[in-house]
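Each remark here refers to the structure printed beneath this line.
All chains are identified by letter, namely A, B, C and D, in their written order; residue positions are counted from 1 within each chain.
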C-alpha cells in the first residue's frame, strides 16, 4: 500500500502544483472562498465523493466574523467572473463556503477525517519581481487578498489526497471525511462545521500545516495551542449637544473607555498563561457632541480553554457592567475562537511510526509548542471528548517570509511529501484502526 | 394679641435661656437626642399637648444614617445618667427621638405646623476660656458633641412657643403641631417624620434658623435650598491570595475605583448647578490580598430636586454597573437627603407684614440664596405639593464663628425675638388663615 | 450724515444682495476662503483701502485648526477655477485668507474697527426645490460647503460698509479698519489676526451677526459669550503583538481611555457654568495588536475665561499625566478657542441711541445671553483690556432654520438695515468719539 | 569530622531547643528583634566571634518597611524589660537589629556565609490548650507577635552552628560569616545587609528554612523564588468643600483610583509569570470634602527579576502620572523586596552529597519550586553575580499548620538534623572548597 500511494502521489504532484497556483492566483479571504470551494466541490464529485456544501456543510448560527452581505455578494460575483460554477456559488450564499466530501468504503471500519483550510489573508501580495508568484505569473489578482499562510497548498494537497484515496477505494475500509474549511484565519470557521456534527462519529482526526523549516522536516508532537476568543462590542448610547444639554446624552465613549481599562485589569490566572487585548476603540462623531456610539475589538487567550474562558467571561461581564453604568446597550458579537489542545499521544506515535517507515522525512522535531491559536482545536476537542484521537502535523515548507507577510512563499516540493504522508496515514488508520 | 404675646415672650425669656444652656451642656448628636427629646416630651405634656414620640412620631423605614445599635444603647444610658426619664428613653429605642406635640383648639381653623431641630454636631467644643459656654459653665460635657449650629436655641425657642400658644389657647382656632426633629445634620431626620404623615393636613408650615447677621436682622425670602442625597456603597467581593490565586478573587477595590471615577464623570446639567463627590473610599485589608471589600461615601447636590435626582440616579446606576463588572454585590444605604425648595411667596409676604408690624426686626434682607441643604425642604415639598404654604425664616444671632466650628456661639438675645415672632405668626395664621 | 448713509445703503442694496448670492454659491469653509477673500481684496482696493492679506494679515503661529496642505492646495485650485485672481490666491498659501482694509481719513480721530467673518459650514446645502437658494439658482456648487450661518451676508455687508465709508471719506476723521476674518466656525481664526496686532490701537470695535428674529429686531446687550477651547490630543505609543510580546507595547488606547475618564471627571466650578467633552476617541489598528496610537478630540467651555482656562489646564495636565503613565508621548494641538465677553455698556448704549435715531429697528431686545462661543471675543478682550470699547450686535434676519442646518436661509431685507446701521455707527464713532 | 560534628550537634540539641523556646516566647516582629538580637550578640561573643551589630551590621538607607519610631522605642523598652542588655539594645536604635558574627580561621581558605532570620509574624498565637507552646508554657507573651514561620528555630540553630564551628576552629580554614537577619517577613531586611557589603567576598552562601514535610525530608533543588517588590504610595492633594468650591480641591482619591485601575492593567509579560496587586486603598475624610489624601499598598511579583522590575517600573510611572493628572504629589516608599533566584547547581549537588553521606535524611525531594518570595535571594544574587555559589535548603519540620497561621508549630526534632547538616556543610566547604 505504501508503495502504491507513493506512486500515486508522484503521479498527482504536477496537478497539485497547478491547482495550488490557480488557487493562489484567485486568493479568497474567509467566508468568501466561493471560487475555491466551487472548485473543491467539482473535484470531489468527480472523484466519487458524496459532497455536502453551503447550508448542508455548516451550522449558520456558529459562523463567526462573517463579512457584510454586500461584501459577500460582490465576492460571489467575482468568483463567477473568475470561472466558478454559478449554481454552486449560489448555494453558498451568506458565506457558506464549507465543503465536506465523504466516501464510505465497502468494508466496515473506522471513520477518519482530515481537515484542509482554504482561506487567504487580507494582505496585498508583494509585487517584487523576485517574488516567485510574480515571476511565474500566479500572483494573486484579487486586491488585498493573498495566500500568505499556505492554505492554497493545504487545499491542493487535500484534493490530491481525495483522489489517491478514491483510487484505492477497493482496498480501504470504513469512512473517510475530507473537510475543506473556510475562514481559519481569525479562527472563525471550524466551530460551524463541528456544530453541524461532522466529527461526532470520527475515530481519527488529522490536520496539517506548512511550516518554516526546510522540506523534509516534520513535527508530530504539536502542543500549546492557545485557546482564544475574539469579539466585538458595540455600545449604543444617545448623542447630545455637549454644551447645550450634556445631561441628555448617554456617553458611549466613556462606557467604552471604562470597559477597556477594566478589561485590561482582568487578573492573571495562576494556572497558566493568559492574554487580553482591546486592540481597537472607536467612539464619537464630533468634538461638541456627547458620543452616542463606540466600538471595541477584543481578543483573549489562555493556555487552556478554562483560562481563556475565565478571561472571556470576565470581559463580557465588564462590557455589560460598563453599559449598565451609562444606561446604554451593548451588543457583543463573537468574531472568532479556538480551543486549547494537544495531540493525542497514541496517534502522534502512530503517525511518527508511519512517517519513519515512509522514509520521506529526515528530520523529526521533538515537542513543538505552537504558542498560537488554530481552530483545528475545535475538531480536536470534540473528537477527544468522545474518547477518540486527533493530531495535527506541521511539515517543513521552507517558507520565505513570516506567515501573513506579503513576501511569503513556500517550496512546492513539500506538497508531494504531504500528499504521500496524509494519504498513507489515512489508508493505514482506515484499514488498521488498532495497531 | 401681639401685645399679649410680646409680654409672654418677655416672661419666658429667662427660662428659654436656661433651657438652651441645659441642652447645650448635654449636647446630643443625630438620632441620639434621648435626653433632649425626653425633656421636650415632659415640657409639652406639662403644657397640655398631645405628645407623640418614639415609634409614634416617625416612620422607621425612612430614618437615614442611624448610628450602630451599640452607639444608640450607650447614648440611651448616658441620657438616663444625665437625668432623662428612663421610661421615655426606653420608648425611643433604635434612635426614634422625634417628638410631635399637637394641640387642637376649640374653634375650627387651619392646621399650622412649626419645626424645631434638636441635634448637635460631631465636633468637640472649644476649651478656650473666652468661649462663653466655657466661661459661664455650660460647655458640652459630652465628648465630640457640640451645638455648633444653634439647634439648642431652636429647641428652647420651640418649647417657649409651645407654652405661649398653650397660654393663649382660648383665643386660638384650628390646630397647631410642634415638630421637634432629630438628625437635621446630615439631612437625615425630616424624611421619617414626613413619611409618618404629620404634615399631610398642614395648611401653613414654618421653620426657622439662627443666622450670622446681627440680632434684629431677618430674612423672609430664603431661596436656593440645594437638593442633596448622601449615601454609602459597600462592595462585597471575595478576597484571595494575590500571588497564589489571583483569579479566585473578586476585586472590590477595583470596582470601587472604577465607580468613583465614573461617578465623578457624571455630566453637568444644563438646567442648573449640580455637584457630586466621592468623599471617602476605603478598600482592602493587606498588600498581598485581592481586596474583597470596599466602602464609598458619596454626596450629590442639585439646584433643583430633578437635577439632584439625575445625579443620584446616575451614581446608583454606576455603582451597580461597577459591581456587575466585578461580579460582586453592592449594598447602597441612603445616609441623608433633602429636596430643593423656595419659600411660598404669599406666606413670605404675610410673615414680613407680621414682622414689620411687631417692630422687633430693624433690618430685612432681600432674596437670600442659602446655597446649602436643609431637610426642612421635605416638609416644604409635601405641603406645597398639597397646594398649601411653607416658609423658612433666618433670624440674626450674631454668631461668633462659622456653623459647625468649635468656637461657635450665639447672642442669646435673638431668642426672645424668635419666640415672639414665631408665636405671633402661629397665632395669626391660626386665627386669620386668609388675610 | 444719517440721511446720506441711508441713501447710500439703499443705493448699494442690490449690489450687496448680488454679492451675497455669489459668495453663497461659491461657499468656502474655514481657511479655504480663497475666492471669497480674493473678491474682498479686489473690492477693498477698488474702494481705495490699503489692503493687507495673506501673511500680512495674520500671525501664522496662531492659526488654529488649519486643514491639511493637500486640502488647501485643492481649494486654491478650485478658487482659481471659480474665477479668483491667481496671484492673490497664491499669496494666501497655507490658508492665510484673512484680509484687512484700512483707510486713514484726513482729519485726526479715533480708530474704529469692524469685523466680518467669511467662512461657510461643513454642511451640504439642501436640494429641496423650495429652498430659496435652489429656487433662485444660487445654492452652493461646492460639495459639503454651505453658508448656513449667514457669513455670506456678513461679508457682503462688510463690502457695502467699506464702499459707503469710502464715499464719505472727506467728511470722516481718524482711521477705519475693516477686518474680513477666516475660520470663525470652530472659533479658529480671530486669534491669528489679534496676534498680528491689528486691534492694538483700536478705540471702538464692532461686530455683528444675523439672528433668528424677524427683520427689524436688534440686540444691543449681548452677554454670556462662553469661553471655549478646542484641542486634539494624539498619543504616540508603541504597537506590539498582543499575544507574543505584550510587555513590548506602549498602550496608547489605555492612555487615551484613562485620559477621557479623568477629563470628564474634572470638577464643576463654583463660579459658573463649565463644560467638558471628549467628543471622539479613535485608537488602535487591529484586534491582536497592542494599540500604538490614539487620537482624542476635546472641547471645554466656561462661563468666564478663567473657568474655561481652569478646565482646559486640567485637561492638558490629565493628557500629559496619562501619557506619562504609559511612557508615551502626547501631542496637543489647539484647534479653536474663544474668550468669554460682554458688550462694553457705554458703547452698547451709544449704539442703541444711534439705532433709535435711525428708526430702522422697531424691536429692541433687552439683555441677550448668547450662551455660545464666538471668537469676536478675542478682539473684544484685547480692546477692552486696553481700556477701549467693543460691542457685538445681533440683527434679525428671519432665518428659516437653525444655524448650521442645510435648510438655513436669511431674509435678505436684513442686509440694507445692517449696511445703514454699521456705516452710521462707524461714521459717528469716527467723527464724534466722545458723545 | 562528620562524626565529631554529629556528636557536637547531639550535645547542643537540648540547648538549641531551650533557646528556640525562649525566642518563641519573646517573639519580636521585623526590625524590633531587640531582645533576640541582643541574645545573639551575647552568644556569638561568648563563642569567640567578631560581632557587628546595629549601624555596623547594615546600611540604614536600604532598610525597608521600618516601623514608626514610637513603635521602635516601645519595643526597645519591652526588650530590656524582658531581659535584654540595655547597652546592646541602645546601639540598635532605629531598628538596626542585624547581627553578623565572623570567625577567621588560622589556615587560609574560602569565605563561607550562612544566613539565619530572626523575626516573627504579626499574628496572635493560638490559645488552644492543645497547641504545644501553650501546653508547655512557651507561647508568645508579646501580643500579636508569634513565630509562625519557624524563624525562632532558624535563630537557635544558627547559634548552635556558631558554637559547633567555634569548637572545631583549629581544624577549619578560611572564614565563616554567620548573618542573623531581621525582617525577612515582608522581605524587608536582606537588602540592607547586602548593601553593607557583607557578602561581597563570599565564596559559598547558605540559607535554610523549615518545611511542611516530615522530619527527615530535605530539598536541595529549590527553584522559582519569585522576585517581588512591595511599596506604599501616598498621594498628597488639597481638600476643599465639595459643594462650595470643588475647583479648589486637588482630588487624591481620584488620583489613587486612576492609579489602581491602570496599575492593575499593566500588561502580562511574555517571558514568565507576573503578578500585581493594589491590596489597599484608603482615601478621603468625609462625604462632603474633596479628598485631599490617599494611600495605596502595592505588591508586584515576577518569575524573574527583570519581569518583576518591569511591573514595578510601570507601577511607579503610573503612580507619578496619576499624581501629575491631579496636580498633586505622590511619595512612594519601598516596603519590601526580593530577587528571583535558583540554587547554584554545583553547590546543590555538593550539599546533596554531604547529606547523603551523613545519612540523616531519608527522603530527598527533586526540583522544588517555591513559587514565593524570600529575601535570601538578595544574598544569592550578589554572590552568584560575583561568580560564586549559593544555595537554599528546606528541611522537613512536620509543621502543624500553614505558615503564618496561629496554630503553627514545628517538630523540634528537625533542629538537631539542621545543626548537624549546616555545620557539616560549612566545615567541608571551608576545608575543601574544591571537591
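The definition used in the following text is that a contact is a pair of C-beta atoms (placed from the backbone, for glycine too) under 8 Å apart; a residue touches a chain by one contact, two chains touch by 3 or more.
Note that the structure is predicted; figures quoted are calculated from it, not measured.
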Q: Quick one: point me to the chain whose Cα centre is farthest from that of chain B.
A: A
(Q) Looking at chain pairs B-C and C-D, which one is connected by more C-beta pairs in contact? (A) C-D
Q. Using the average of all C-alpha atoms in each chain as its centre, how far is it in Å between chain B and chain C?
A. 52
Q | Cα-centroid distance, chain C relative to chain D, in whole angstrom | A | 69
Q | Where chain C touches two or more other chains, by residue | A | 244, 246, 251, 254, 258, 261-262, 264-265, 267-268, 275, 290
Q) What part of chain C is in contact with chain A in the complex they form? A) 226, 230, 242-244, 246, 251, 253-254, 256-258, 260-261, 264, 275, 277-291, 294, 297-299, 301, 335, 371-372
Q. Mind pulling up the chain A residues that touch chain B in the complex?
A. 244-247, 249, 251, 254, 258, 261-262, 265, 267-271, 290, 310, 314, 317-318, 320-327
Q. In the complex formed with chain A, which residues of chain D make contact?
A. 261-262, 264-265, 267-268, 273-275
